């Protein structure tokens, strides 16, 4: 990390976070890290952690460095030491918390997917638009936009380095459900999670495809599958089985507004793929390829190169000029998955301080929701082509 | 190559080949090589090469080692020194030659795709079935079944190493049409080539998916695209443009008979991908992955392994126990693309000598044709789900 | 991160750190992180940061979360709120600080290389041995032992998975001096840095080779090179040049005690290699390979596998059973370079709490120093074979 | 393969080949292939195959297409139908055959290593120099110079693309002796093979290092090892053991004339490495890397690129403008190991027809021999620095 000029401490921004599980841990570490690494215009204060189980919440707060604990998120709406509410709970609670927070004048960071249903997502986007008029900001947590290699891909595409787009090939492959003895959790129940692989990890690749290309999907045709339809209700080895009510996998094709073709596959049963979010973009002038399992690398092919030396370049995205890297370690000293949340926190702090609307906005989250909804509708009708409703 | 026991020369099999361009060159080299490498039960004699331009055909014959030249393929039907007719011409001529040859009692090796239309393919399959009753053999040239790594994949799947199948992800990515100045050839004209990327390279991945899994596709939903709709009619730099009447790319999803999901993409405009036939197969117990640009390698993940050391293995498929390798060089001394044709010739000679019906049969070729036809039909109806007609 | 049982806070351990540049930043982040991730038996308190420039030190303290600031490290010896002194300064100051700290009864974590000279290293190891009798602990900061993939490699070797060792091939390739306009810094001056690539990055691969194999190097033969012998004295673009008095690169071969052969290359001028610490170990039964640019991966070849499926496995070292991973994210959610320091802090806290001598000990650091010294001596005598002095 | 203009058949060149084992098979296939692929100025005729066992030789001749058989190589000296003698026998016979052939006015292609001793190699180089005055040509079979990717590397280096050289890192790793039950063969006996890994595969990387850089090695320091000192005298499973009198592995460092550093490792016991000839070259302006297990690929890093997109490019060396590729298949249709011999045959035919001295010359072979000799001498003296005798 480069030396910085000495300077005054920036003003504080009080954070209240709801939820302390997987995403809560990742967000906590990001809030604790962001101003150690970046010269942020606001200094986040980890003021309040909210959870329903007070003892467990208290324990998490101590571990992650939150100053206070509450058991009802509504208390955050009243607290003066909270200017931003960070929502890390399951999708069925997002709309309620986010809308109330925005109406109370609190900035919101909401984990993805934005909501479990299109109707909720629409209300949330409307609430965010209204809040924005009052200077209240809302962001949805598609953290993979903040992988330096993907931010670099976005920059190269914006700079015209791959030319007119022809194909997008996106996949998010995991294998934690390949084992049929993995028990039911809320993530496998439609009423809590909304959908399965589609909403959880499919949401990421839909957002990335739209973000990287700067285009919206115009229509889709999709299939979903639940390969294991019943699972143990607990991990205690007893025989009771409960129904899996979400998809294990979703496969869909689509067209972008420009006519480019896109293919998507999201699955939790691809043996050996642990977190393989892969995306390839092919244009008239070049191509890009990325794999989250090697998140410090971007592959780039430049078709304008001489035949002799043209080839996919493995760019190690750790140079000081690469996105977010100016504040990190020397070249070749790689980052990890959790650092994407640090970058997300940085960008949000900059936008709040600067009075700008952050991206991805709730409208972006809604656009993803519309695609997911269309995929589910298409899958329910044997893959029938389904247009994506325009905003 | 290991020493062999000295033995009698095997009987000869006279070959007559029609066409001497790209595929003709590859097949010629295979016939010249096969019994130098393998202990084949028949010794191929490169007796007659057929081409319409006599001088050019004569030149090709001299180069590749064919003994005689003809300008009309019908003469092959009468010649006693021809027992096998090898068809290396564009798809619109396959049906005529193959059916006549089979009726004349000549074994047939026919390049893929089997035909340009489903109707032709059905007639060809019927002719092959009838000929088989007389001991006359017919094979379609899906040479990639003979890549050692893919033959090994087939063996591992047959042995149950990946368990019940869940996903197939197949792509065939090339980029020779990424350049908009590439001129029109017969491959870009529907009346000669039937279709574009779909029939030319999509056919390979459809065949491989069905071959490797041992299953048929039950239905598909597809999109096709022609990104460059007009191209120069010649490569002499003049301005005249002609219409491209085939697809540049085809993207489709499907379901296999078992319920497994499959995705396919065939394209000629994926900048930087030169010959990237990639296929991944995910099952309950393991996974396989392959890329034709690294054709000596197969990736295999075994989910039954201990967590500590489980990982995708890069199998260098050059061991003596690997398919076809018993006759080649020591481990690590890799093979090239053209050797797949040598293996194809070997297998065909063994089947002819043994009185067995070779695979892929014309019925296999017909099955591929049905899928391609269904993809085209689906694409013409906005991706509507299209069932594959049962044989 | 898995949920943990609620419990009492562990006792505190006061840290005083000297130096706040590159290594100081990395260590600061580790102390701030370690008990957020791991259930450590001691809770580190970031009590005092020491630097000569008070304003800059104060700024760094605020950024990284240190409570107090001092400008003379000697004050740490007296402070009751410091039980461990963490030395992150250039090598020429290590011996003085470390010996004084140990004599004052403070635990010590000292960055590598242990010292700039063998004489200093010997004194430090003696001081550490004496302090250990009083329960005072000393550790040298070879953080790469704490890369999960390398810790896994160590485990597999200990378990006999590669059998009797034959070859070690180690390299540490960087390229930040490939550019001849990079200015002189203390790292390029022998009186501050001791040596160049040899001591800075060569030290890492020597330690790793000895650590992973559990053997010591018995002798070496080495070459060193300074390709750019003069460099600008500042980065302000003026013309003044000063002499580079350390090596740009060191290449050496050696024998381990068992007779296995080892080769080493450390360089700062390997264009395109940013932080490529690579190590390969070949044994009778298998092999291992690692590259720091892909630090979440380990390659393992098991020669006892059947020929059909044997191949180098790419193990993604992110499973809960992998070293250090029990406390981190789900599989496939990768770690970064800085996390090696978190693991180092964890292990040191466990050893201090448990009354155990940590590894790598100062004696381990001395062993590395002896090898570096022998390489330098060999290089000064045209590569003459140089035995490594036994402890 | 592109169409060629029709033309007259080129004149014939009669070949007599001595030896029909591994190298004999590879050379046979090359002679049979070369003018099917390339427009060679001479048409090779496979006239005479020589072997001591007449029946086995006759069988090999029939398999590979040789017209006549002899059991004494001296008969070739007299035959009018032999203008080139191709020597594929063990190294102890090279000098006798090659010198007699050259004196008899026959062109010679001699497998590497040129000879088993420096004295023999010197005599052979002298004989070749003398013969060259009479228009008689001699080439040594370092076939890897003819890997397209390595020929491209040579071109890029010649064009200054990597600038002033700093490091060469070369290794040739195999594992066929990792298994201690592999029996003794002539390759493990010093009196037949001269040396082990050093002369067999070390010779290749020494030649490549000198060829690619255009420099000679000025001095070396080396170690050799025989890990398994006794092996079964037969593969029939009986207990009798015989002594292995050559090295299993050789590790050495050297300096090139320019001051660049080079490291080499040749081994037959690197488990999992089947034929991993790897070479990396680092220069001021860029770098190159190659692995024979992926022989269609070259990695190139261009340090003059912008930081944003600089990265090692994977060049798939199958474009028409790449060395040797103008005559082969379309891009992405890869070549195999045996095709290096086809290219070697092509180049030799062109040189003979053009009256040029081919490369690598016997003088080049002698230069390699001098290095191998120096490595062996150094290894015998505990790695003492050993200068390479100037020509």
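Chains: A, B, C and D, in written order; residue numbering restarts at 1 for each.
Going forward, contacts are C-beta pairs under 8 Å (C-beta built on N, C-alpha and C of every residue); 3 or more make two chains touch, one makes a residue touch a chain.
Everything numeric in this text was worked out from a predicted model, so none of it was measured.
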- Shared touching chains for chain B and chain D? A, C
- Pick from B-C, B-D or C-D: which interface has over half of its contact pairs in common with A-D? B-C
- Comparing centres built from CA atoms, which chain ends up most distant from chain A? D
- Inter-chain centre distance, chain A versus chain B - centres from mean C-alpha coordinates, in Å: 42
- Item | Distance from chain C to chain A - Cα centre to Cα centre, in angstrom | 35
- Message: Measuring centre to centre with CA averages, how many angstrom lie between chain B and chain C?
- Response: 54
- Per-residue multi-chain contacts in chain C, two or more chains: 273, 310-312, 316
- Query: Hey, which residues of chain C end up touching chain A in the complex?
  - Reply: 1, 3-4, 6-7, 9, 21-22, 25-26, 28-29, 32-33, 35-36, 55-56, 58-59, 62-65, 174, 176, 273-276, 292-296, 316, 318, 329-339
- Note on the structure: Note: in the complex, chain A contacts chain B through residues 162, 166-167, 169, 171, 173, 175, 178-180, 221-223, 225, 227, 249, 251-253, 255, 259, 261, 263, 265, 267, 269-273, 282-287, 301, 303, 310-312, 382-385
- Residues of chain D touching chain A in their complex? 152, 155-156, 161, 298, 300, 302, 307-316, 319-322
